[in-house]
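Quick one: this structure, given as structure tokens, is what I'll be asking you about.
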Amino acid sequence: MTTARLEAFTDGVMAIIITITVLTIRVPADATFSSLISLLPIFLIYIWSFQTVGIYWNNHHHLMRATSSVNAGVMWTNLHLLFWLSLIPFATEWLGDHVGEQWPTAVYCAVLLFAAVAYEMLERAIIRHQGKDSNLATALGNDAKGKISVLCYVLSLVTAFIYPWISYALVVAVIVTWFIPDRRVAP
Amino acid sequence: MTTARLEAFTDGVMAIIITITVLTIRVPADATFSSLISLLPIFLIYIWSFQTVGIYWNNHHHLMRATSSVNAGVMWTNLHLLFWLSLIPFATEWLGDHVGEQWPTAVYCAVLLFAAVAYEMLERAIIRHQGKDSNLATALGNDAKGKISVLCYVLSLVTAFIYPWISYALVVAVIVTWFIPDRRVAP
Amino acid sequence: MTTARLEAFTDGVMAIIITITVLTIRVPADATFSSLISLLPIFLIYIWSFQTVGIYWNNHHHLMRATSSVNAGVMWTNLHLLFWLSLIPFATEWLGDHVGEQWPTAVYCAVLLFAAVAYEMLERAIIRHQGKDSNLATALGNDAKGKISVLCYVLSLVTAFIYPWISYALVVAVIVTWFIPDRRVAP
Amino acid sequence: MTTARLEAFTDGVMAIIITITVLTIRVPADATFSSLISLLPIFLIYIWSFQTVGIYWNNHHHLMRATSSVNAGVMWTNLHLLFWLSLIPFATEWLGDHVGEQWPTAVYCAVLLFAAVAYEMLERAIIRHQGKDSNLATALGNDAKGKISVLCYVLSLVTAFIYPWISYALVVAVIVTWFIPDRRVAP
């Protein structure tokens, strides 16, 4: 079973998630500058969400290029990743309405955490399918970046209840870390 | 006529259905934990809908891999399947607002039933096109799983008017049954 | 220039149009049977819109299979077709709220008319690009079906202001006519 | 790394942007001709947005056909372009509600300006990747059209605060300029 249709479906779902998230920026009723400025928090969170989905798409692309075939386990694990990503529009909208508040921050961080864990599971499912000596297993090595991301999101989930702004710093830190594409897999 | 564009269009429609269904989880007005908890029913139903569309995508993928060419009948039957799947966002939203009530439960189960029947019709249209001795016809055999799903959905439609929670159990049961991809078609 | 990316983009746009149109069926506030029944008109119009987009996708598929290359003119004409199709969700929602009224009926019929004219223009742009002796020109012949559709839509636009139900009958008549895929192009 | 999946993802995102923008045309509450006429401004702005995204898709298509491979820089630059395009539905809706007002006009022009700059950056990233003597570098030449577009958008941003109708004229002027596909890249 080749990766072609898995990639096509994943591309489609990610393209839609990245695009409908913009609908969470609700158009202000009037045409004033102050209304525009009041959108700044949701706009910033939209940028994080856009970047995060963009990073997943990019890394997924690299991952699939190092993958020659998929089995049923890989397909379900991939769908599991898409499930958590599909909650990003909801999490973005709720946080955008309530920046600095505990529960919306926690939900946003939790969705990102579960997506990161799902991505790690996808990597493992592919390695399990292709064998420990495969190119991918060698290329990923101990996958420090992935593990650090998961750790950051766990931390951000805790800080959401103490001081949410630390959570936001952690979310941005992960984005910056991943901005550099995964050269371990890319040639 | 090859299956490529049929798959691409089906992937696109399914990717959009699976993603816009998340818009049915409406963001609460406040930022409290109790508001979040009140979303639990719609969240669970969203999981069922996501899984169900994911299963159709997965099985459709397997079905098309065992199909070498399509004719007009297959294309219309495929569109018929997509029609019923396209009603899942509506059915999910109505049921999410009214868990445990008769008519929303019945509509949700009816949409899943018609989609299941449409999938059976698609399988038959492909077998009719490829011949009774084709790989697909042999692989599908008597298609016990598909027939049991249809039966479960018929039952869930009846129980919706008696005790809706039995309907939900049946919907979950079908998801669990299909979670294992169709090994009859997959190699 | 091959037709691959033109088809991919067209598939994407049509898949989204066909799917977001379902958002025009607004979920009722209560869970009663009478609320469900009150959705019948919009549901019927949704079926027409779904079928119409499905027919365009199907015929577009056949058209592209008879087309070996595209030029700039074909790309713009294709985009022009997508523009009119993109208005279908709006037209469906307005008519669904006001069945039997003049202007919503006229707008719905006008959108379908302009889409039909745009499709005729696309066919002509492809024939102009490929030459009058091409397979496509021969296959399309005098294109009676396409011309009859345009005529029906013109008529339906007139009857929208006299007796809208004749317009609906004409829209359904065109759907029935096109349901049979264009065998002139298909092998 | 081939351009295939970059094109597929870009097609998906652009297809969704072009289609969900139509949701900004809100269906009127009544069925009168005057309600329909009141939609004219938003309808015109929708046409501009549709055309603009269509032009980007078309030019992107030509650009990718002159590109044999992509690197990480090209992928991020492409995502940057998609980010600005993703704001078009928001900008369209706000301007549609407030035609002739300063800030909505300025935001619309700013989004188009940033998208145009992002497209220039994408072209440069591809040339940097492929070398200054590549087909693309030669084909693009001094890229007068691209530079004029950016200039027009800068101007439109200034005039938004003086006399918004000049901004609209400039937006339309850019659309007309680009309507002719980029023959420098196309064969």
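Chains here go by letter, A, B, C and D, matching the order in which they are written, and residues are numbered from 1 within each.
Throughout what follows, a residue touches a chain if its C-beta (ideal position, glycine included) is under 8 Å from a C-beta of that chain, and two chains touch if they have at least 3 such contacts.
From a predicted model like this one, the values you see are computed outputs, not experimental measurements.
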Interface composition of copies chain C and chain D: same or different, split at half: different
Per Cα centroids, the chain farthest from chain B: D
Distance between the centres, which are taken as Cα means, of chain D and chain B, whole angstrom: 37
Whole-Å gap between the CA centroids of chain A and chain B: 26
Of all residues in chain A, the ones touching two or more other chains: 8, 12, 15-16, 20, 23
Complex contact set, residues of chain C against chain B: 7-8, 11-12, 14-16, 18-20, 22-23, 25, 27-28, 30-33, 35-36, 47, 50, 54, 57-58, 61, 65, 179-181, 183, 186-187
List of chain C residues in touch with chain D within their complex: 1, 5, 8-9, 12-13, 15-17, 20, 23, 72, 75-76, 79, 82-83, 86-87, 89-90, 93-94, 97-98, 101-104, 107
